[in-house]
Amino acid sequence: MKKLINEVDDVVKEALEGMAAAHPDLIRVEYDPAMVVRADAPVQGKVGIVSGGGSGHEPMHGGFVGMGMLDAACPGEVFTSPTPDQMEAATKAVDGGAGVLHIVKNYTGDVLNFEMAADLAQEGGTEVQAVVIDDDVAVQDSLYTAGRRGVGTTVLAEKICGAAAEDGRSLQEVADLCRKVNANGRSMGMALTSCTVPAAGQPTFELGDDEMEIGIGIHGEPGRERKPAASSAEVVEMMATPIVEDLPFSSGDNVLAFVNGMGGTPLIELYVVYNDLVKLLEGRGVTVSRNLIGPYITSLEMQGCSITLLKLDDELTRLWDAPVNTPGLRWGV
Amino acid sequence: MKKLINEVDDVVKEALEGMAAAHPDLIRVEYDPAMVVRADAPVQGKVGIVSGGGSGHEPMHGGFVGMGMLDAACPGEVFTSPTPDQMEAATKAVDGGAGVLHIVKNYTGDVLNFEMAADLAQEGGTEVQAVVIDDDVAVQDSLYTAGRRGVGTTVLAEKICGAAAEDGRSLQEVADLCRKVNANGRSMGMALTSCTVPAAGQPTFELGDDEMEIGIGIHGEPGRERKPAASSAEVVEMMATPIVEDLPFSSGDNVLAFVNGMGGTPLIELYVVYNDLVKLLEGRGVTVSRNLIGPYITSLEMQGCSITLLKLDDELTRLWDAPVNTPGLRWGV
Amino acid sequence: MAGGGEVVTLQAVLAWIDGFAATVAENKDYLTKLDSAIGDADHGINMNRGMRAALERLEASPPDDIGAALKTVGMAMVSKVGGASGPLYGTFFLQLAGPLAGKESVTLEEWAGGIRAAVSGVMARGKAELGDKTMIDALVPAVEALEGAVTEGASIGDGLTRAADAAAQGMEATTPLVARKGRASYLGERSAGHQDPGATSSHLLMRTAADTLAQSGQD
Amino acid sequence: MAGGGEVVTLQAVLAWIDGFAATVAENKDYLTKLDSAIGDADHGINMNRGMRAALERLEASPPDDIGAALKTVGMAMVSKVGGASGPLYGTFFLQLAGPLAGKESVTLEEWAGGIRAAVSGVMARGKAELGDKTMIDALVPAVEALEGAVTEGASIGDGLTRAADAAAQGMEATTPLVARKGRASYLGERSAGHQDPGATSSHLLMRTAADTLAQSGQD
């Protein structure tokens, strides 16, 4: 394992220290329990938005803390959900009197820990609502299983709900909006290489020189299928088709297309993928009216990408365009 | 070789098509000859700024075209400088009557091609000045050699000169400013892995599981030295010390610290590196008052990073903070 | 009655906790390797982080009774582990602590009641059922075996060994299953053919109980 | 006088260009491999792209004289190659074209004069000198050998073969050198022990000349 780190056990802490040193105007970082909090939190009268999850997905979530997006993020160990005490402390820290929304990716660990935290925070007098994001069409959904994973739509939900909270919407309204984003967003991911969890020291899985994994999550889990490596156009076809058919996205729809890099894939490739995606969607009569291209929800140094489509209406478009000022996403200010 | 591409010969063109599809509000792309031009070019009365170089360094340069930065970028084949006809056409396209600055990275190919282009453009009646960026302290400088490479400082020069051009400065003033940035910027890079040029299909060099290259450029060239892989703190020490001693950066100096990812290294590692860099600089009495952290001048999917320090004064700080609106860098608007 | 008067002491419970921490440390890489096949390669790391924190806290403020000891372990798991196993093992120890609060020794029957509460707590929290390919597949057979042993009046050593053996069987039985809960469920059919990491750590927990708790005192 | 009346024809020059394009295509990977040791792994790709473009353009508008043919090649190199070799080989062909403009056949002496102009152009553009570990190390010995052959009144075939042999020696002599120009210079001492890719392609250019241009006509 070769990584630009020091002690394996210090990666998360030192990356947080680096963030704190880099962005004191936007965020403040606390270490015990660990959280990244908006510099001016709590914002009085505004709904607070808290997310969190394992580390290794940077810039998500800590890089999305700031005006117009998250009020706090709770970083866990690499690929391990954070703990209830972190989430409870973050919830308290951002409670400006209008309640706090938890945006939770649908992984057993994240869900259970956020549930415990919401109980604790509510006992402490903070109104909490939780919305679980489960947008990954690679996972067959069923009442009897853990359901679909939360992936790329999370980034979009954090941005859009952050804008709505800035607008002064109530907790119920922001939570409903988050459910709307989740209901209209679908994703799928793929990997050309595995990644190496620092504490494990070995790649999580091995892929041959001519193989890829389709339907991966964001924790180095193997995907649903191993296939021969294929061209960008073929990969886009394999991922976008189930996405489009799942919602379904139909002719005439406006979408936000999010082509996400898994951490080790450079921008030049993501633009090639985006180009193929736009062609595919045009062929189906779907208009891409907004886009996001880059490594925003990563799996350490994994090579690969994911595609997220979010069906837009005027409300979502306006909230997407609203100003945001975080280390990872910034516009309008 | 596994990459998210289609035909090897189409990578550059398709990535440009992806960029064009993604950012029609900011840029327009032409293909014969290939260039990325600011959507509203030429801006009348403003000095035009043109850069360019081989592809494979995304977002540089095409991703830096837009308000407050470049007016045009000329993408060459992967790692191969573009050709004079591209540069001449770009120069003409952005000539708003106040002359055009060429920002050229010091590589024989870039310098020779830009020289030929400047001759052609000047024959065509456009006033051109060229500034060559040569900030890489890994290369021993000498009158008898090709000199130092142009690396990370290029990004900073493009941003700062772009702001000055928006302010209405003259060609001579913007060129002098560019020289000032180059004179005050120093960089060094390292690699944990090689990268694979699509057309070559093989990694440019092989590195053992416990080796790294120190003093690399941005074209997959091997560095000056192969060393045992080391911790982030050690790597920072090896790179920052020659940088600091070269200018030199002294106690009391204010700097912009730019920790750049080479394309395959995720943000979590770059923050660890930044954290070590800030500690080292604090120990020398150097204050980091601005920073940039992320993959901005890359070598395809190479894992590794580079460090650039730019000594700041009030003028440079103000120009750095000025609004910029490009696909790759955006703030203040 | 066989094992009559035999009790599980605070000292034995502490030996169990110590022993489990040591077993987890020894099996850290193994558990992580199991998790890398169908999960995210951290189960050993998670459990080890939690048990190390538990030992530190127990050393910092030694507990006066069994319930307090188990509550400390539960809180350490909840606040130091994260992931799925943090709240689930945390719940296990916290629910086990509940009925044993204030006690310095307990009978096998009381112990079995605690374990039943613990397993029910884990099921309530995680909503997994037998056959979902989770730690439940080791824990449910274990608690049933333990309750059977109590009914038959078995000794502590015998009861705990039967529980551990049942856990082992349950753990092994996870291998062919297609996961329906936890991360492994995302793999669909590909999750079959691998032993569940959480069931494996739960078996270690039960096996360590058999090895440590039987070194108990008399009332 | 030996070779008296012998000339290099337009047809022969086109055969040279064809032959060089074919040789570059054959040696594309080899040149790229040399460039990956001390450069950026693209020299073969660059040269091949340029020569393919040159052939296309020559086919699209067949030239009427030697100067026009060489100018087309030069412009193709300049506008299709990029990198260091684009302007340098472009300059080579454009400068060679200059003195041969309008001619359908030239003597070896005229040819040597063109090559001298070409090499001087490359040196003026790239500012490299003999021993800097660049294409200059193959080109300068070649032009000197060619001029020597002219002075001695050698035949075209003999003159061009001597030039190619000198280029080969120059190319081989780059191996131990530490580069002072081009990308390889960034490597410092590590550039020693590798043959320069540009000197290698320049040798191929000279060798192809010996193989093709001698199939010439009589005045």
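Chains here go by letter, A, B, C and D, matching the order in which they are written, and residues are numbered from 1 within each.
Please note the rule applied: contacts are C-beta pairs under 8 Å (C-beta built on N, C-alpha and C of every residue); 3 or more make two chains touch, one makes a residue touch a chain.
This is a predicted model, so every value here is computed, not measured.
Among the remaining chains, none touches subunit B as well as subunit D. Here the CA centre of subunit A is 33 Å from the CA centre of subunit C. Per-chain Cα centroids separate subunit C from subunit D by 77 Å. Subunit A and subunit D have Cα centroids lying 56 Å from one another. In terms of which chains touch, the assembly is arranged as an unbranched chain of neighbours. All chain pairs in contact, by the document's touch criterion: A-B, A-C, B-D.
Those residues of subunit A that touch subunit C in the shared complex are 33, 54, 76-85, 107-109, 112-113, 115-116, 136, 138-140, 142, 144-146, 149, 197, 199-200, 202, 204-205, 217, 219-222, 224. For subunit C in complex with subunit A, the residues that touch the partner chain are 32, 36, 39-42, 45-46, 49, 78-88, 125-126, 180-183, 185-188, 190.
Only residues 2-6, 11-12, 14-19, 21-22, 55-56, 58-59, 63, 192-193, 209-210, 212, 229, 231-233, 235, 263-276, 278, 288, 291, 293, 295, 298, 300-301, 303-305, 330-333 of subunit A touch subunit B when the two sit together in their complex.
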